[in-house]
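Report on the structure given below.
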Amino acid sequence: MSGNGDVVLIKDGKRLDGRDFDELRDIKMEVSVLERAAGSAYVEWGKNKVMVGVYGPRELHPKFLQDPTKAMLRCVYNLAPFSVDDRKKPGPDRRSVEISKVTSEALSSVVMLERFPNTVVDVFIEILQADAGTRCAGLTAASLALADAGIPMKDLIASCSAGKIQGQVVVDLMKEEDNFGECDLPMAIIPKKGEVVLLQMDGKLSRDEFKDAYKLAYDGCMKIYDLQRKTLMDSMKKFVGEGGIENGD
Amino acid sequence: MEIEGYLKKDYITNLVKQDKREDARKFDEHRKILVDNDYVKDKAPGSCFVQLGKTKVLAGISIAVGEPFSDRPNDGVMSTSTELRPMASPRFESGPPNDESIEIARVIDRGIREAGAIDTKKLLIEDNLVWIVFIDIHVLDHDGNLIDAGGIAAMSALLNTRLPKYEDGKIIYGEYSGKLPINCVPIPCTTAKIGKNLLVDPSLNEEYAMDARLTVATTDIINAMQKGGTGSFNEEEIMACVDAAFEQGNKIRKMLSTD
Amino acid sequence: MEIEGYLKKDYITNLVKQDKREDARKFDEHRKILVDNDYVKDKAPGSCFVQLGKTKVLAGISIAVGEPFSDRPNDGVMSTSTELRPMASPRFESGPPNDESIEIARVIDRGIREAGAIDTKKLLIEDNLVWIVFIDIHVLDHDGNLIDAGGIAAMSALLNTRLPKYEDGKIIYGEYSGKLPINCVPIPCTTAKIGKNLLVDPSLNEEYAMDARLTVATTDIINAMQKGGTGSFNEEEIMACVDAAFEQGNKIRKMLSTD
Amino acid sequence: MSGNGDVVLIKDGKRLDGRDFDELRDIKMEVSVLERAAGSAYVEWGKNKVMVGVYGPRELHPKFLQDPTKAMLRCVYNLAPFSVDDRKKPGPDRRSVEISKVTSEALSSVVMLERFPNTVVDVFIEILQADAGTRCAGLTAASLALADAGIPMKDLIASCSAGKIQGQVVVDLMKEEDNFGECDLPMAIIPKKGEVVLLQMDGKLSRDEFKDAYKLAYDGCMKIYDLQRKTLMDSMKKFVGEGGIENGD
Amino acid sequence: MSGNGDVVLIKDGKRLDGRDFDELRDIKMEVSVLERAAGSAYVEWGKNKVMVGVYGPRELHPKFLQDPTKAMLRCVYNLAPFSVDDRKKPGPDRRSVEISKVTSEALSSVVMLERFPNTVVDVFIEILQADAGTRCAGLTAASLALADAGIPMKDLIASCSAGKIQGQVVVDLMKEEDNFGECDLPMAIIPKKGEVVLLQMDGKLSRDEFKDAYKLAYDGCMKIYDLQRKTLMDSMKKFVGEGGIENGD
Amino acid sequence: MEIEGYLKKDYITNLVKQDKREDARKFDEHRKILVDNDYVKDKAPGSCFVQLGKTKVLAGISIAVGEPFSDRPNDGVMSTSTELRPMASPRFESGPPNDESIEIARVIDRGIREAGAIDTKKLLIEDNLVWIVFIDIHVLDHDGNLIDAGGIAAMSALLNTRLPKYEDGKIIYGEYSGKLPINCVPIPCTTAKIGKNLLVDPSLNEEYAMDARLTVATTDIINAMQKGGTGSFNEEEIMACVDAAFEQGNKIRKMLSTD
């Protein structure tokens, strides 16, 4: 968040890529894209390309990590070296470790982990091309991949960010907006419950601006939720027809 | 969570249902904060030992010179690390930073960085040479809410940090050329959700019992937020956390001073 | 080898004794190859997504500038890495490269390097400054024969790689000054030995059953070889692998093109 | 040990900080300074500030490390990044690893490890400010922390260094003396037994000078021992009153 | 393989060190050179100096790595820091990891691993001086060390390389030939069976040149095999007299 | 300590009570020392293979050029590492240096460094460019007392080390410009305490049985000391170790020579 005032991000009431303030980028979702993984999903979100593979529930090693009351949900968020302009050295950096942690906590809020004691559910998120908003795209895809794997969940997790550019609160920042804007606020919700499971923010927002940004991000999440359900309907008629996504309340 | 955690969780959950906290605090209060600036003054240009209740952290500032980042050639550099020293908790282990310590460091860092607390534009020494400010947060005794304790310690240490003398391409240790330029004082405030209740500044036992937490770092605006834990917040709860952060931020800011 | 491996090994061994493969292929055929160039075109100057049967790999090229090696002051530099991402197989783990991924990367690297596929002599920018070409092979779905899949993906990505613009000591991302100069197109071909039979392009199940494998990377000559596994080959078998490699190399080379 | 003759370290028979040759720096000791640790101590020794926390005896993992005849005593000596002029990168360096090893061996000589088979006693030494002599300060504090934790010991360990500056053998070097002096000789003893459990030396000492330095360091250790006992008496009347520190012979 | 045409590697039909095209460098072999290892060997091959120590079969830790059907053969190939002109940083690099892997696979082809389920046989190869062809020398020595340890094998492994210099196919490249030649082709065989267990190649070879190089390397391996057997005969009369090296068919 | 250690400990303890050693040595003698200089002469500018009884170590010297430390701008640099290669003992494992190998390297280093054995003042090449001397001690066969074996090997290798030729900013490998300047020859001597007895140069079995050890590195004065083990020494014992070190140091020093 540099808040660099010299870079024009809004022109004639439109954003650089022609979007309205409350308009998401183009989004494409697909499930069952991998052979080996128990469940998988692919999400294209603007220029972001994200693939997720899920394994488990499977035995957790070493044994002393096992929890007899529930499964562990373990998440690895990884940026491919070629996914960004300046090659990223392979291996986890501090940013990836933090995103893996908050993503894992968000997913844990809906997965019925208590059904699979002593096991682990592994969620592997690969960012193949990155253009701002990768954690939201990754979480959205991870949620689809868990459903694709048939792992019981109370609901899907839907994720979207809001932010502020040139004093204007907008939804779903792309790269230039993220680089030169004044704030980024990624969010994820449990749509049925209407509650927030991921919320991070950095930049500058007044209390009122925060309320506006919150609403934009929330509404964005709900649009994502619709796309997620449609994707699961379309591609997995059989799974959804059997009532696949469990109702947790 | 170890056995202790399970037991404490039940105990705290029941207490909170009766609108009580184990130390008789109100839900919207921080524990007693003791601030001891310049704790390692003979070596570090800035430092602060903070006790937040029984939690003890020591923030130390180190200053070096180096190259700026290529996309900000005139700005100084800051870097924040947190070490959960194994003396602080039976659960902490020696070794490289894990996801817990990285999250704490990054949340504290975001509050300070995004508020522009350090005036990095004044840290240019000469062409392609800037001051680098290292903030190291050493956790010595863990009784909960390390983000607030660490964030307060870091900010108080920065407020009292001196810039070393730099002559002939070398830092003269122990001699100073002025104070580190500070623009504003962001303060993080963490609220825990236990059942339907919101409790500011959770103790360790309250952390065992919490479903989720929300940290909000404020100056006169919001500069950073971080939700943690596997539970969820509704909008009303989030706004309550934000309001508590502004209020507690103002109180705590008044406690910090420069010497 | 996990239980699955033992079961598949028996199944495949019996099938091969009857001169059959699980997917009804001939012994001297590769699985269907799908090549999708410029898969990450908004960020990487070159990339290619390859499906070899059900095996999926994505090769991405990154370009940087840096110093040449002191013993070749006028030559650009290439570097090849393979990451066996944990999503690709239940057997792969997060973490630094292990012997398996290192072997794959080094065999692919040797084929490309020894053939002189990249014209490194044209990668000098100015005195003591050259282009550095990073080839990163990301394995996403493992159904066998990662060397061939990765080698084809890497070579197809290189064929379509653009050189970034370089001005005033900086790379201008997203703008390009031309294409990466390519001299020739080496293709690796891996043959598995199961019992007395030789099978080109083993699937994962066939890899469970194989005694040994031999990879031969060819242009119009042989540029690299690598035998793997604990079994052995006689001279006649090795020559059969070499001949298959020339034949398959020619076929696959025709599938690759520049845009 | 540079033995740089240009730097004046002795003037008018006194050292730079006004001390006599056989005089220790000011020392402050405290125990029970931490909440979570089983035992803890804080020592200020000149400009050195050292905190020690002790855990255990507790189960040792992984199991193959367990010794069925006795507990393992494990020691981690750590310099805080800000404890020295030039920031120390976090994590153990070779010097810290060596100090941890000799410290652990010295403490093992008095802790009754055979009483707690298969367990580990962990001693964590944090150097918060460093000004020469940190290993002696750390060992002295570690010994107090073990007593504070109620772990049975045959005696305390007391530690102090001697050295040589401008040809003169002196006790307890501070930073400038360590940097520009000709020798450093850290020592630790079991006071009741009068035997040495830690002894290191680097620099230049003749046989006779070594005997002098040995005596100075030994006497320094005995002064430290008095302070340790006084500290335990003062602050832990109850503990000592019950006969806490066991008599091992 | 630079294939640098400017460097003269052949003069008057002889190589730089006076060798014919099919002539090996001077080779010295010895076994039982180490005290602690179960078996050991030393090979001097031109300027290469290689020492190998073997331990096992011994219990394999951690347990989940154990194979109930056979022993694991684990190989570590290590270049000493001082073995090359430009000091090699200690620790495994990518080249060493690959050589360790192919060496381990080659040895596994003859060691009767199925006789020792759940255990590990460790082969440690130290390159003390390196001058091209170290993997062949290491594998040759490892094979001797395994025999010296009395570990049952179907046959020895013999190893030798061929290559191409200035268009000429030759056997056993030394350092200058490796640096400026056009191809290196290390090979290892099971001599009795006449089959190849290690084969690597990098450089430029036509199909016909490969056949020539194959033959040179194969013949080189057979010469090595003779030396290996002589070494075992000479130094271990007792072992061989009892029929030590088992016949696996 | 493995079972073997326990058994050997009993055996040795009883032997020592009878004033005997397993190899019939006197208590104040080193085992037979064989010194083989220039063992890897084709690559290393200095090297020495030492057998101390059945213990075998190889010290190799590497020479590089680099920047001096900023506080000693005119002095060359030395660096000492020890690798306990896994072939040397069933107890040694592959991997980064552990506390045992670090201690050995640092004690050997201190002896050489503090005595000023290498004349580092003569290692300045030009402004801000000095020779860097790497001492790598490779332990190949561990039968006890690695400090003395390694220290003798290192010192003998240094005594016979040549300085490479340096021209046009590059080291010319294999050509030399002179000898490494050596001021004096520090020798470490390690004494083990078993019960009330002091034994110079403990074998591996004696190390199993020892309560403590004391290493003293001497020239004509003492340059380094290191006590190890969980036992203790009284003053008289320490002085006996010091005296033994002077005596053995003189004997061993005479065995070392330059070629």
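So that you can tell them apart, the chains are marked A, B, C, D, E and F in the order they are listed, and the count of residues begins at 1 in each.
The definition used in the following text is that a contact is a pair of C-beta atoms (placed from the backbone, for glycine too) under 8 Å apart; a residue touches a chain by one contact, two chains touch by 3 or more.
The structure displayed is predicted, hence computed values, not measured ones.
Any chain bridging subunit A and subunit B, meaning touching each of them, is missing here; the list is empty.
The minimal number of chain-to-chain contact steps leading from subunit A to subunit F is 3. Contact with subunit B and subunit E alike is made by no chain in this entry. Chain centres here are means of the Cα atoms, and by that rule the chain farthest away from subunit D is C.
Seen from the Cα centre of subunit A, the chain whose own Cα centre is farthest off is F. Centroid to centroid, with C-alpha atoms defining each point, subunit A and subunit D lie 52 Å apart. Subunit C and subunit E have Cα centroids lying 27 Å from one another. Centroids of subunit B and subunit F (each the mean of its C-alpha atoms) stand 48 Å apart. Centroids of subunit E and subunit F (each the mean of its C-alpha atoms) stand 32 Å apart. In subunit B, the residues touching two or more other chains are 97. Following neighbours round the ring, subunit D first and subunit F right after, the list reads D, F, E, C, A, B. Of all the residues in subunit F, the ones that touch subunit E in their complex are 39-40, 42-44, 47, 54, 56, 58, 60-62, 64, 81, 83, 85-90, 94, 96-97, 134, 136, 138, 140-143, 173-174.
Touching subunit A in their complex are the following residues of subunit B: 97, 99-100, 102-103, 105-106, 110, 113-115, 214, 221-235, 238-239, 242-243, 246. Touching subunit B in their complex are the following residues of subunit D: 34-37, 40, 47, 49, 51-53, 55, 58, 76, 78, 80-87, 90-92, 122, 124, 126, 128-131. Those residues of subunit D lying in contact with subunit F across their complex are 1, 94-95, 97-98, 100-102, 105, 108-109, 185, 189-190, 193-207, 210-211, 214, 218.
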